[in-house]
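Okay, handing you the structure first.
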Amino acid sequence: MEKISKSILNQIILPRNPESYKGNYGKVLIIAGSTHFGGAAILSSSAAVHSGAGLVTVATTPEKFAAINTHIPEAMTIDYHNKKELLSAILNNDVIAIGPGLGTSSVAIGLVKAVLNNTKTDQTVILDASALTIIAEEKIPLQTTAHIIMTPHQGEWQRLSQLEIPAQTELNNFEKLQDLNPDAVLVLKKHHSEIYFRDMSFKIIAGNPGMATGGMGDTLTGIMAGFIGQFGYSLATIQSALLIHSIIGDKLNEKQYVVLPSEIIDKLPKYMQKFSLQTK
Amino acid sequence: MEKISKSILNQIILPRNPESYKGNYGKVLIIAGSTHFGGAAILSSSAAVHSGAGLVTVATTPEKFAAINTHIPEAMTIDYHNKKELLSAILNNDVIAIGPGLGTSSVAIGLVKAVLNNTKTDQTVILDASALTIIAEEKIPLQTTAHIIMTPHQGEWQRLSQLEIPAQTELNNFEKLQDLNPDAVLVLKKHHSEIYFRDMSFKIIAGNPGMATGGMGDTLTGIMAGFIGQFGYSLATIQSALLIHSIIGDKLNEKQYVVLPSEIIDKLPKYMQKFSLQTK
Amino acid sequence: MEKISKSILNQIILPRNPESYKGNYGKVLIIAGSTHFGGAAILSSSAAVHSGAGLVTVATTPEKFAAINTHIPEAMTIDYHNKKELLSAILNNDVIAIGPGLGTSSVAIGLVKAVLNNTKTDQTVILDASALTIIAEEKIPLQTTAHIIMTPHQGEWQRLSQLEIPAQTELNNFEKLQDLNPDAVLVLKKHHSEIYFRDMSFKIIAGNPGMATGGMGDTLTGIMAGFIGQFGYSLATIQSALLIHSIIGDKLNEKQYVVLPSEIIDKLPKYMQKFSLQTK
Amino acid sequence: MEKISKSILNQIILPRNPESYKGNYGKVLIIAGSTHFGGAAILSSSAAVHSGAGLVTVATTPEKFAAINTHIPEAMTIDYHNKKELLSAILNNDVIAIGPGLGTSSVAIGLVKAVLNNTKTDQTVILDASALTIIAEEKIPLQTTAHIIMTPHQGEWQRLSQLEIPAQTELNNFEKLQDLNPDAVLVLKKHHSEIYFRDMSFKIIAGNPGMATGGMGDTLTGIMAGFIGQFGYSLATIQSALLIHSIIGDKLNEKQYVVLPSEIIDKLPKYMQKFSLQTK
């Protein structure tokens, strides 16, 4: 398993073209949040905005609009119960991330199906948290032609793959991913998180237990969406998103016993610039 | 096309008269926001407050009052569905900025018409974002006697002028602006943004692609409104508002890959003071 | 007219008794806010909390509870439409400040009357903003036996006193205050704000035009309430509250063209400590 | 009475195991807040998150969800009126803290009973504020087999114990605690706060009168819950939570006349790291 080097960040986070505009940095749709899990929608959309996505729309339950507007006024909101608006949003965004705080209600199940049924080549679908639980429980096939990225932690991967945690070996993970969708990328969140794609596997040597707190995964999902929105879908982009999340977390952990997701989000623009300037 | 010099800021942002009070710094009405675009109302009103407007009122949909109160308690709110209150606000404010996050619903169309039909000499109307789309789509004539400032990005200007982006040359822009309203000011947002007025044109050499993010235009609109409220309507005021927005953005971009609108807003009081002290 | 010296702050802001608890620092009720003016309730209650009031309750319209909870979780809330709860709160608080953002509806008029009819010796009533307009328009006599402090700006004082601004001379102000209530204190907000009490008058040489922004008066009201809650009602306490508000504003103005109310509030604990430590 | 030494913090706040995940740091349920006391739920849950609890759920009234999501997006929310969801939450969390801002309504009484009736060995119940008042007024026996911690201030302890404050001597406190529940821990909040357990008593020499402000107790409750969630129930954990709250308050008080609860919360990750690094 190959170790992901920090140099990947210098290759991906390039200085922006002065003639560019927000349309060049991707349209990102985050389908997230429900009555009991409102914060997940805030954290994932805030992470997408701070990581540089051009335009971020949150599809959520309307009772959460006020909190999203207050916390992250740069994001737009739509009601995910409105099928017409949801479908239009799925068709018109470059990256669709679904799952943080979504729950497993029948509404949520319908949302996951709507994404898998209506996305296509050139789009990227990020499946996280509740979306992965729904796919495991409802046995929903991953048959979109869009790029697929799954971001389970070990417990979620167990539900998806039927592999107990000790059995989540490199070989087993390859095999199960092949069964689910041979072209999908698996980002397995753990102590040293791993990425699987076809016959390749990678790991990061970064991350710390101060990051073991609710909302940390929602934040990674938002960064992943923001990075793919602006840098395009590639293994290197996925590696970069995973790595920068943990690098910032490690830096904060030097002085903090606990690292809050919202603190990592705040630091994104400065760390991205640091890596961008190193590329010159 | 004349380059706008930073010295314009020293001429416009003068030390305040010690005997002045908030009534001297303008009454600004921001008509903005809708169910899906609540943040735009927050960003534009927050920018107006931070840029020094004496009194800022936001006309929006009531479901957004809580987020506005939380984010920017210095601003007042009215419900733009209430025709009597809206008309009273249009008549009693010095600067009316309309468009950020307004959408193109029939309510929004009615709001644009209400502003154009009820403003008059000595007032300034800033038309931005959705308001410009509505004017283009509904072919609404710009016949108020108030000062008019339009702040489209290139795509919005295309809708208004029927000029494809490559055809948005200086000469073509002059001609189309003349057709729309010979006394209006056009602020064309692009890499190096431009200002057109009658037979004059200006551009700023400032701004950066880190500012290519949702909400950045809403912020400029708020600054423009705040500046005209306190410094009065003039080409120099408009130039100053456009320039300071990008100067702050450039300064932040030195250390940040992405520049968030809310960060530019926070820095306004300090940058304005810097230029004010240089005038002494 | 006597100039208020900074030394008053060293006399009033004394080190706290180590054996004290929050009950020693006053119970403050802020009756403020309405649909269109939600921020005023936030700013005045936040100022009261940051200036050290033991317990702060905001009586407002329930639609503003969410914004208050978010912005200033240290404050409690009650619905001012609930007559029983309102009366209980009026009877059980040491300081009642009424007016910021209240508007002049019949509900607001009833609230002003409820305060004046139900407060008594040992309590302090601070009348600000809309409460002063209501008293002027409804000709409500100031007949409570509680201490009364009025905090008008010049326009509000004109409405109360019938004195045009040029006629607001020291002698005229004494006379009109005598007519309104011979034991009330008048805090007249202007360039160099003034305090009138019986045959005494004082002024501060502090304050700046960068403070000429919406919400600044609401903030002073909150500081006044917080100071009286913890330091007790006295002319020196009133002078201290007025002075510290402008001293902090002046300090911020050195680096900021515009001084926002919420920034003054944030600095209160540090400036109070600075003056407290000088008393040792 | 033994003085609690700072060295207890070095013993409890140990460096985290790199292989750990959020499930290792405890599931904390905070039952708090009501219409008039929304901030208490925010402060206690924010304290639990910042002190390192793995997962924090707030059971409160749904009208407070928006403020909680905005202020502390890392926390989840449930409606405490929903008996099924509440019971499930009580059964599935490691630490249940009940009381901050709960009020004494019949709903609140039902919540206290639900906690005492449905918790068991290996869980910890923290009873604070309104929960203690309800237990005193309703004479509810403390008969859960879970660990019990009570955190009254002197007035609340008087209601529980029938001991007037001057009679709250060490011996009397031992006796009354014995009557209430011989295995419960009493954390008595006062100038130098005290801990009683069986025949042992401890006190901290820390804390200051700048902390005498509304919401400070809610914050301690959240820290206590967060510490027990991650470090496990023990006298040393309880001592550590009580001590760090006052140590941070003392540090802030050096420069601030008033110490706000939300400021103590913000500093938790840094102070915890400081003590953790000293253990190496």
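Chains here go by letter, A, B, C and D, matching the order in which they are written, and residues are numbered from 1 within each.
One rule holds for everything that comes next: contacts are C-beta pairs under 8 Å (C-beta built on N, C-alpha and C of every residue); 3 or more make two chains touch, one makes a residue touch a chain.
Small disclaimer: the values here were computed from a predicted structure and weren't measured.
Trainee: Enter the angle, 0 to 180° in steps of 5, of the rotation superposing CA atoms of chain B on those of chain C.
Mentor: To bring chain B onto chain C, one rotates by 90 degrees.
Trainee: Look at both sides of the chain A and chain B contact and report whether the same residue positions are involved, with over half shared, or different ones.
Mentor: Chain A vs chain B: different; shared/all numbers falls short of half.
Trainee: For chain C and chain D, let me know how many angstrom lie between their CA-based centres, rounded off.
Mentor: Once rounded, the distance between the two centres reads 34 Å.
Trainee: When the centre of a chain is set as the mean of its C-alpha atoms, what distance in Å lies between chain B and chain D?
Mentor: Measuring from centre to centre gives 49 Å for this pair.
Trainee: Where in chain B do residues touch two or more of the other chains?
Mentor: Each of 66-67, 70 in chain B touches at least two other chains.
Trainee: Would you pull the chain B residues touching chain A in the complex into a rising list?
Mentor: Residues in contact with chain A: 35-40, 42-43, 46, 63-64, 66-67, 70-71, 153-154, 190-191, 208-210, 212-216, 253-262.
Trainee: Which residues, counting only chain B, touch chain C once they are in their complex?
Mentor: 13, 16-22, 24-25, 49-56, 62, 65-70, 72-78, 268-270, 272-273, 276
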